[in-house]
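I've put the structures underneath this note.
Presented sequentially are two complexes of chain A, the first with chain B as partner and the second with chain C.
And now, the complex of A and B:
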């Protein structure tokens, strides 16, 4: 394991590096605005800039930058200007742990946030715990609320998979059918879906008739369709990664225009993908879970327009600069909301520097009510300080004319479940 | 679904992957056979071919068939020329030293991947199939285009075999493969043969990419898996042996189709890798390779 030099007698190299860095920082300082006199709050962002998460990473960065701009324009956090240090983790767990180290020790960040892919979270959270740096993930995984991680890891900006699924299942059983075949990725994120949906649909008197796990690197899916039992009423699919279009296209070829089950998917399958893409016609009339409806619903809240304008997304969920650049709209709000959560906790705790990190986490745990507004454009949330997890409402949309149209919204209470852990009793 | 149709679907799927694999691996095998160069960037050439196919197809108006045909005509020579330039500018200067060439092609792989990430972006994008024929069998439907891929790959491989055995270029290539120094003594421009071979190998990967792209989608990381499978195929078949490559591609493709459908996809990967280990232990030159 790598250790960082923190001795008081700096090495010659450290002195030289410091002098070089000082020169650069000094010359940059000449053009800085005057208000930058208070030391900025430095937030580390573990970014999926490359690797399979790159589509998400691009939008997470844009969203975080937009929130940062808004916060700094309104006076920063606790009167201090804020900067975000982005560090690419290649969507790779091993690299993720190194990035945590780097952001903490080299960049001297006050905390780290922004991680999406669950395997990177699993790889990085233990290191964040060892370094005692607050680590705020945006990953949907149940790993935070399950108790698998540590006191330093929180998920305040997005509802976890278990909650999403529990609130969805009654609607699926009531409107689409009770005999379900599941397609899910063959790793932790997929297993959350498998386990919790199977339980949730059984609670509704339904049944999962087949569970088909797909390896994450798969590029051809027809072979798996042969395993779909004929009695299937609903095909539940959640796929992540570049193979999604192929999955849907091959499903269309397999069933053709004949009898087919109802389709219910998680939008993860189609994040950053235009639903009107040729080859996706097969999805017409099918339903998707969305956290944050990509196509602006008619009954959207007051903050929706401002949020879209800030992150540069039009009413169809694509970039205002390029209509083909579709946002990862149902996930990226978590980067925004997490940043505002940080603001709230830093200001409540009177956080001044890394020595106050423990106080900061305690202040986060004390937060519970997160009302709707520009700070939380996806919707109001309730934060559970014991399980370190936020809960919000979910949406179901139907594809009509190649567009996602919102048809149902759940309540926050529908997604609640009993606490599996109390992190506040764990030591720091 | 009963056993018969299940097996049929498995074999059809296996045949498609075998066809694409044979095209990819024959390029890799050719380059190794003639030049003794292990080209780690082969998968990146495949990916580059797919990205260019997406670009070309997107800029040709009219029905998708024109865009696809244009890609098929334009893209392989483009990728081939690029590879030939790499050979002349980089590999030749390293004097084809094996370790240096491996490192250089790894570098090339990263350059191509990151260039695609910067220029093309991180999203997966589709290329429309030239025709959308769907075969309705009594048990399931199947893409007619996929069967066309098998036929087209067969034709390209046949053409490659004819070039190697019936043309002057093929003769010169084989002569260089047998003995580089003697070939040079007979007035063969070995530098040009090497550049041509490296270009041809990359062009074959690009042909595979143009063929396969309508059934999958373009993504900047799509070269990784085909590269791995190509190496497996080439090692089992014997480096430098076209016939061995073809046989190995059929074995790998069909067994992958059947094993992954009847058991698990991971098992088929385990078996393929195990097969490589066994071949390396008991027959290091591969099934059809000549003893070094």
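And now, the complex of A and C:
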């Protein structure tokens, strides 16, 4: 992921740091099909090409380009060709707001989408609101549905983290155990898991017997394992970052070959990492949440193969060009599904230009049913126009022979919760 | 930012997962490697000092012949390429990974060209984009004089390197093609005017890239020497050229210090250690905008600490050795360390972002061309999570840093002077060991950003 890449060159931002991942897919966005008539619909993409989000950015761009190609080949949106303008935000909230400005004013984009990192969303959404430009995020944050943002900000392409976490509890309680010890990084991301899961497992008659918060800068974990209560049946872990391999290795050393609790994690820990990587053997037989199963399930729908082929991903969730280049598969469908959501709303509203932006948002709010198909390869969704949030099924996979094998799919209803806001009552 | 803060207070939670990849390096016994490296440096210094048996670092003539290299053509080419890249920077895609200016500058000029220069001598000078326009303008103006800028020594280049380092390591958007193009154009014009006034030879004193390449190219095991219409192709151990250099002036030493300090901070600023120090969560790094001030201070401190450590080391060595250890010659040995750090720090960028550059050179308009004859390919970072590959990457970084320090130790032993007390070598050796440990620690510790 990043490194390095970091940001980009200077910081090996390798990271880490963008352009989708691909030549092939990458070029698609820049090659404009020749249309005889209408001017293109210009969609701004706030891309984490550099900075901490670069590894996701690479795949989000590759996915968006693939969707764009498919949409343009099928006649564009409302008969107009579509163009995506990518701007790098450095995964930085201050630059994010600047990028919103630039995409809106300088490039004249009709709307902006694609943002993944929550802090960039939080830094950019207010500016999008001021500029009155539709801002469609792909961040899975609960910030949209919580009511913290504005009428112009929507999250139609991915279920939010509150729903994801809550929907795991029934299966965990029914299949792995009811006494749970949680390991989570000691900041907002971890707190979401701590708070939402603790509440959800209690609703299932279970109990979180220990909450162990790990400082984000920690790189050695053994001393925390002593805090795991003996009664623990399930070890819920959402560690992320460079220390994940060390965490797993030390956990394996801690338990050795003796009895151990069931392990349940979120794929965020290993997104874009091969689960067969040496050092991860201890995870064999353990379970993970996945939004979109990386390894193509045996019962996958018809759209799954087409989606993988379009993005250039094989049945194991890796790049067709490099079996070791594992995609951010569980999350990146959101760029694809958001683009198709835009298509649906633009066509429904008769959107013709920036003067119609309000009409466009109203058309989005009016959408509710989002059926499964090539438009939504991750699965059917229900869009809540009041909270501006989409809800879909979640998946649980088990690592078998180093591969993630889907074992359960939740219903959409299992992830629903009471509305915390009604954006449709807010002014534009 | 204020709005952001307020929003976070209202809405705790809701943070997207971290995108930093799990690090293979963190699972390796790097502590042992670092210890072994430090011991190797110590033993080399002790054995060298005790026995005075050091490699001769002599230069060998490979071939001598008439010099056909067309200077003006190379310089004109350099200028034209720069002008085209600037045009792409201004008019091309805003996405840095789709813009040849950003890609060629950050992975080509700043990484690949220095790497190549460390092998084959200064490769910037033959294509220096100022030389041709400056020469032409001076002829056109009929101006052959000088303003006396040479009296400033290399200080203008020191300032240039400071500014560039800040831009690269601290500023908000060094990758943004528009930002980079504007800065490059402004800098090119400023240097152009000064060089027209002073003469193109001043570039090696006043222009930081010209000086950087001139110095770093001295590490190369292969190089060419040109004089009076003849060219001599030479070979020798890395450092053979350094042995034949004049002692560094104070401003040249300052340039080495700034280069070394910047490289150190470039690595340090990404570590979890530094992030913890400045109160940033590396798993949810707020971005450069949040650390602009503190990283500016950090960068300046890094220069000061580097200068202070070198000054102190030399001073103590002189005192304990009863003489010798003149700064001018001994500081030459730090060229090796600067080169080694450069390789270690930017190697991963070269093999990751470098793929985008290769692609963009192959297909500059992103429409499916194959100017380099390469078939379409996907950019691939799969190796970053491949333990075998990443161990090999670490081995390259390890070799660059240890090799550089061993060379620096040998150079110091040779350049410090003769007939000195052995104790004099202790402080400088200690400094080299610290630098080895620090350099290897940077490569093996948890990093974000």
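General observations
The rule is short, and it goes like this: the second predicted complex is superposed on the first by the 371 of 428 C-alpha atoms of A that agree within 3 Å, B and C clash if a C-alpha of one lies under 4 Å from a C-alpha of the other, contacts with A are read in each partner's own complex, and residues count from 1 in each chain.
We take it that a contact is a pair of C-beta atoms (placed from the backbone, for glycine too) under 8 Å apart; a residue touches a chain by one contact, two chains touch by 3 or more.
Note that this is a predicted model, so its numbers are computed, not measured.
Of the two partner chains placed by the overlay, only chain B lies in contact with A:223; chain C stays clear of it.
In the superposition on chain A, contact of A:81 is made with neither chain B nor chain C. Once the two complexes are overlaid on the shared chain, A:55 sits against chain B and chain C alike.
Within the superposed three-chain model, A:272 lies in touch with chain B and with chain C [touch as defined at top].
Here chain B and chain C are compared by how many residues of chain A each touches, and C touches more. Once chain A of one complex is fitted onto chain A of the other, the partner contacts of A:253 are limited to chain B, with no touch recorded for chain C.
In the superposition on chain A, A:123 makes contact with chain C only, while chain B stays out of contact range.
When the two complexes are superposed on chain A, the residues of chain A that touch both chain B and chain C are 50-52, 54-55, 58, 217, 219, 241-246, 249, 272-273, 277-279, 325-326. Partner chain A is touched in their complex by these residues of chain C: 1, 3-4, 7-8, 10-24, 26-27, 93-98, 102-103, 106-107, 110-111, 168-169, 172-176, 266, 270, 272-273, 275-276, 281-290, 345-346, 348-349, 352-353, 356, 359, 363, 366-368, 376-387, 445-449. On the chain A side of its complex with chain C, the touching residues are 1-27, 30-31, 47-56, 58, 62, 85-88, 90-95, 102, 116-120, 122-123, 126, 139-143, 146, 148, 161, 185, 187-189, 191-192, 195, 216-217, 219, 238, 240-246, 249, 266, 268-274, 277-279, 312, 318-326, 328.
Taken in their complex, chain A has these residues touching chain B: 50-52, 54-55, 57-58, 186, 214-215, 217-220, 222-223, 225-226, 241-246, 249-250, 253-256, 258, 272-273, 277-279, 325-326.
On the side of chain B, the complex with chain A involves touching residues 1, 5-6, 9-10, 13, 16-17, 114, 117, 121-124, 126, 128, 134, 136, 140-143, 215-217, 219-222, 224-225, 257, 260-261, 265-266.
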